Amino acid sequence: MLKLDSHSAGRHFLHIPGPSPVPARVLRAISYQTIDHRGPEFGQLGLAILENIKKIFKTKSPVIIYPSSGTGAWEGALVNTLSPGDLVLMYETGQFATLWKKLADRLGLKTEFIGKPGAEGWRYGVDAAKIEERLKADTAHEIKAVCVVHNETSTGVTSNIKAVRQAMDAAKHPALLLVDTISGLGSADYCHDDWGVDVTISGSQKGLMLPPGIGFNALSTKAIEASKTAKLPKAFWAWDEILESNKTGYWPTTPSTNLMYGLHEAMEMILAEGLDHVFARHQRLAKACRAAVEAWGLEIQCQDPAVYSPVLTGVVTPDGVDADQLRKLILERYNLSLGTGLGKVKGRMFRIGHLGDCNELSLLAALSGCEMGMKAFGIKLKGSGVVAAQEVLQD
Amino acid sequence: MLKLDSHSAGRHFLHIPGPSPVPARVLRAISYQTIDHRGPEFGQLGLAILENIKKIFKTKSPVIIYPSSGTGAWEGALVNTLSPGDLVLMYETGQFATLWKKLADRLGLKTEFIGKPGAEGWRYGVDAAKIEERLKADTAHEIKAVCVVHNETSTGVTSNIKAVRQAMDAAKHPALLLVDTISGLGSADYCHDDWGVDVTISGSQKGLMLPPGIGFNALSTKAIEASKTAKLPKAFWAWDEILESNKTGYWPTTPSTNLMYGLHEAMEMILAEGLDHVFARHQRLAKACRAAVEAWGLEIQCQDPAVYSPVLTGVVTPDGVDADQLRKLILERYNLSLGTGLGKVKGRMFRIGHLGDCNELSLLAALSGCEMGMKAFGIKLKGSGVVAAQEVLQD
Amino acid sequence: MLKLDSHSAGRHFLHIPGPSPVPARVLRAISYQTIDHRGPEFGQLGLAILENIKKIFKTKSPVIIYPSSGTGAWEGALVNTLSPGDLVLMYETGQFATLWKKLADRLGLKTEFIGKPGAEGWRYGVDAAKIEERLKADTAHEIKAVCVVHNETSTGVTSNIKAVRQAMDAAKHPALLLVDTISGLGSADYCHDDWGVDVTISGSQKGLMLPPGIGFNALSTKAIEASKTAKLPKAFWAWDEILESNKTGYWPTTPSTNLMYGLHEAMEMILAEGLDHVFARHQRLAKACRAAVEAWGLEIQCQDPAVYSPVLTGVVTPDGVDADQLRKLILERYNLSLGTGLGKVKGRMFRIGHLGDCNELSLLAALSGCEMGMKAFGIKLKGSGVVAAQEVLQD
Amino acid sequence: MLKLDSHSAGRHFLHIPGPSPVPARVLRAISYQTIDHRGPEFGQLGLAILENIKKIFKTKSPVIIYPSSGTGAWEGALVNTLSPGDLVLMYETGQFATLWKKLADRLGLKTEFIGKPGAEGWRYGVDAAKIEERLKADTAHEIKAVCVVHNETSTGVTSNIKAVRQAMDAAKHPALLLVDTISGLGSADYCHDDWGVDVTISGSQKGLMLPPGIGFNALSTKAIEASKTAKLPKAFWAWDEILESNKTGYWPTTPSTNLMYGLHEAMEMILAEGLDHVFARHQRLAKACRAAVEAWGLEIQCQDPAVYSPVLTGVVTPDGVDADQLRKLILERYNLSLGTGLGKVKGRMFRIGHLGDCNELSLLAALSGCEMGMKAFGIKLKGSGVVAAQEVLQD
């Protein structure tokens, strides 16, 4: 019999870029007894959640909450706003941009995938000028939506969404702006309204410090309008019935009650700490993490300091080192989980998550584990990353 | 600030027909720390779950596990097997059959809804002869799927699926058989393979004693074949990538890790008790509940004793009694949640759930609450339902 | 391997007169991570607890909190206030009064045990007149303390403590008044200050809805004075160091941190509900329970309606019925735990607890279980106890 | 209202020498619903615990389990084996030896406190030769017991108990050997039987990874014999009734049920890991911790490498540094709790706990916090302790 609850001594250090460690307080909240999702208590919970989640997205528009993963929320954004055969401009920043594109293809959309070519493209953020150029060329307005990833989880690059909006405005193009910030929300500053995003897609298991299982679509008036005429078939993902039901704090289908308890609790924690404080904490930890990578003499996957991610740092392993074998050694020897390299960078990098419920000492623990693991693997390091990170965190 | 965790003294009695009460053991399991869904430990968990879930559905074929509600699993079953405009024969047994039909309509399928006409149709199970007749008439085999609800949660009727299969065979019709047993699985006996079902749809929050948030599609070889040519757009719900990933115990997108912990634990409990024992317990409690309703001199919604549900009992309230006002009184006064009347029977019945983690005394508590509540509401009862139920449970 | 966490389906009904069922909210609180009991956070917790516990005892004097059972708190009360060979007047109301006497004997005190003679004495409360008479006869003031049990858990009798105080005053006797309300606190009204009690002894696992493991001594100025000269050896139980440490919210030795979390939470719940409401709820449930016993045609152990306990009801089983065999059948068949008969009434009664986190429906469930169990055991009952109880609770 | 469950982001690092961090698995165990401590399920639990606890103490004799702190267990050991005025030889190794002596004095024993004089005595272990010498001088056998502390929590010194036994044997003295290993049990190797200890005192909140609230007395046949004639008053602590009750898995008074759940779970964990493995892990972490202190250029409190504690390391702060102000800074800035200096070394040292549920990375996190904190406090460190510790842990 599988014994789930049996581990070697000492706590596990979960430093993948999501799911992030869930605070005990949130784990306790999701263990509340399930209640009637049609009863009066649930309605109160629903209204409180629907109100708070707007603050997290910095929006005054409604936010759709799906009992699904982030992938489901990608699908929700597309099927509500687009029609079969619509052309969608997507920007390749890494594996998740690529997966989103594949999903769009499967749904019957026509996708155009732009970006810096080759593996190099995975080391930079979205180049808004490229989008502006392409949109200006689209005088017939065939492009119905521009899709970009805010925080590319596979590489550690946080693109400038405001610049994308400005590019679209400069091009005077009516396409919708759809942004994936699945791994950015609650960790990197994000302004749905101010940045003029039409649909923001997110999930629960990253900056919100929840287990996976909840997906989000933050909407704009323009997106809601579009959903009324969009022709892709939609039922489970359809916004209309959800928006109607949400007015009184309920959902048309059964919500994920226990994860909703956790969502409520996690938002209480985040809003009590203050979003600005939360973002500053992520920036500080990220800076310390990068100092460690530099001290080791290794390369950071992201090549543009302007778009370093506050959520995770991609570390390029030296030639000849299988990053996944290294991760395996670190997991087995030091009880530390790191993120794998995905797609084009498979085996050539690992990712250190420093998001959500992290603090100085848990990051230093993770960096210590990386450092000892790399040495044990035979990698020559230039210096001590932990010491370098301490210097950043000292101040 | 909303205080979720604050209730009046004494435990709440949750007797809606799902979500059912989640055992403390399962609540503790879902509060395990979230782990890396790509790590070795998750793979072991995944394989164990995928093996056990087959036993629950009584199938040797794969079972798809979605991080979604039951509604999502309805959608998954349809989009994987059907093409736009396909004709689907659906059978009206109540509100959930009706909702499934609406969902099929939204997805661009052509639905034909048969059944006993009017509100009366909601008091009986599926008439397999009607299906046989219709299929025989469909000599061109335009009907691509037959969709029926096994346990109609809105009424308390458990249709005979084996008979539907026999009717289809008798008609020599190639349509797929799609069955919703969202509220039946783990409570009412169900044999995916023996009954020749092509896709069985279910969810977590009923007989499996979990919170909502997980949906299932149990497959047949024929259904998998159909999925290869079906033309409805599908991505999140697509079986192909899931089946591939499942081979090693993983999922292509992020699974609902913490609910998966609970699923594993709940299946351990059910399989340790033994499915036959679980089903017999449900039958015994259901019989006691019906004895109570009869003792009260009230009508059971289901009019055919052959298809009484072991999961819930629908109680028709006397003329002039607003069933929802009654439920409100019972909730406020006795801390007991009952199911509302839905759709055609809104306000005219309430539903007593006796599924999942229930036992003799919790049922008697619920019946006591109903009884006191009805008296307090001014309803004249013929006799004591609790005493009648005790007599059944005495043996 | 023992599997603690494995039970048959449905929840257990714990209706012994303590430990009482612990609310999930309190169970979650005791599962908070343990903290430094010398750190600043603990000090805040300590001060909050020490303040609230006074409200529960209705006192302005300090309350000592021991990491121990109620038995330890008995010992604490005696060793702090008395000297070897001191004469103590104790009143036999049942098994717990008897055990307290034995403990006093072991500690080297001289005890005098008065009360109604024989088994009959276990069916009535303290007769204050008897105490007054004895104290008046003690003109040399040899008696140093009067010890009485407020709520005798073994019988279901709640003695009148105010009357005892009045008797002592009438006798103008300087003895200390020591009262055990281990099973009464938080369930039956209790006024440490107004009733002039010198030391009140209590525990956590009854009306306070906590697991066992915490004991209390509520003090009076007179008791504190006595502790300065009392000669029984004391160290762990010594009040002096505790009182000193408590000033800043700490304890001289390691407190039971996690039970303290629970204590804090449980008091928040009780004070939010309001003590008066809590006591009224207990009285209502107790009345319903007694109505059931009467309807069954059985005898209540307590023979004086003026001192019926709101905490538990002792039910005398008919001649020839082994109450413990009956309890065994009820436990195995209906998942219901009842209290055993103790000492002089071993095998001749069982006890139904209706304290702490109970409500109408859980009591009716327990009564249903008793009723079915007694019938299954072959006991002829006069009528339905559940129906009788419902009538009381209906109003 | 005090919000217990509200902390800044990221987990707290609890590195005091007890209470040690409680594993989530144990926290979940203590949150099981409380059961009838007289019911059949409890008896099974009791027997399992009583059997396993012997393995932890490495004894075949009974182990008494008290619902109390370690201080209570000190008292239990003395009152069961000694009579008023008995002479007890105690050895000063630090604050806890001193506190035990004070407790013995309060109980009416005559204590003789030997050891190296002054503050210097707190930097070494028990000198068995001193004990031998004193016992040889006691030709009248006035000394009834020798009391030593195995792991002195206030200093980080683990005395050689086997040597003490040999000294007593060499002196051919009949005194009982009483040993406190409150903070050693489950962390440092301990052999109750092989070392010929008569009563071993311990507690739950250290190597056993439980919250505080349980105390232990492991007995010898000689100790049990002594308890039959010892004259100190005893009731709550009396072994006789407990030993009798324990035969069937129960206790004479109410045990601390929920902590017992945790005790059962924690012992399952320790025995599954294997005691030898557990001890080796503690030694490895302790060695790394000392390497860090040496790298910092600071002094370890313990001056004898033969008795370095595997449980904690005492770090002497440089002259002019108030160790408690430093601890405060570290707690507030880095969410790390360290142990305070006690008694003679108040303000002049801090203690790093590396016991129980610790592992390499949590220790490195703690050392990082110490290091950054000391720098921030203005202390000049010779080198990086984290790097030095990594080198030890690398192998």
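Letters A, B, C and D mark the chains as written, and numbering starts fresh at 1 in each.
One rule holds in what follows: a residue touches a chain if its C-beta (ideal position, glycine included) is under 8 Å from a C-beta of that chain, and two chains touch if they have at least 3 such contacts.
It should be emphasised that the depicted structure is a prediction, and the values quoted were computed from it without experimental measurement.
*Asks:* Give me the fewest steps it takes to get from subunit B to subunit C if each step has to go to a chain it touches.
*Replies:* Shortest path length, in steps: 1.
*Asks:* In terms of C-beta pairs in contact, which of C-D and A-C ranks higher?
*Replies:* C-D
*Asks:* Where the CA atoms of subunit C average out and where those of subunit D average out, how many Å apart are those spots?
*Replies:* Centres of subunit C and subunit D (C-alpha means) sit 34 Å apart.
*Asks:* Compute the distance, rounded to whole Å, between the mean C-alpha positions of subunit A and subunit D.
*Replies:* 46
*Asks:* Just the number, please: Cα centre separation of subunit A and subunit C in whole Å.
*Replies:* Centre separation, subunit A to subunit C: 54 Å.
*Asks:* Taking each residue of subunit C in turn, which ones touch at least two of the other chains?
*Replies:* In subunit C, 5, 21, 24, 28, 31-33 touch at least two other chains.
*Asks:* Considering only the defined contacts, which subunit C positions touch subunit A in the complex?
*Replies:* Result: residues 24, 28, 31-33 of subunit C touch subunit A.
*Asks:* How about subunit C: which of its residues touch subunit D in the complex?
*Replies:* 1-2, 4-5, 12, 14, 16, 19, 21-22, 27-40, 44-45, 48, 66-72, 74-75, 79, 84, 102-103, 106-108, 203, 205, 211-213, 232-236, 238, 253-259, 261, 264-265, 268, 331, 337, 340
*Asks:* Quick check on the complex: what are the subunit A residues that touch subunit D?
*Replies:* Those in contact with subunit D are residues 5-11, 13, 21, 23-25, 28, 269, 272-273, 278, 281, 334-336, 356-362, 364-366, 368-369, 371-372, 375-376, 384, 386-387, 390, 393-394.
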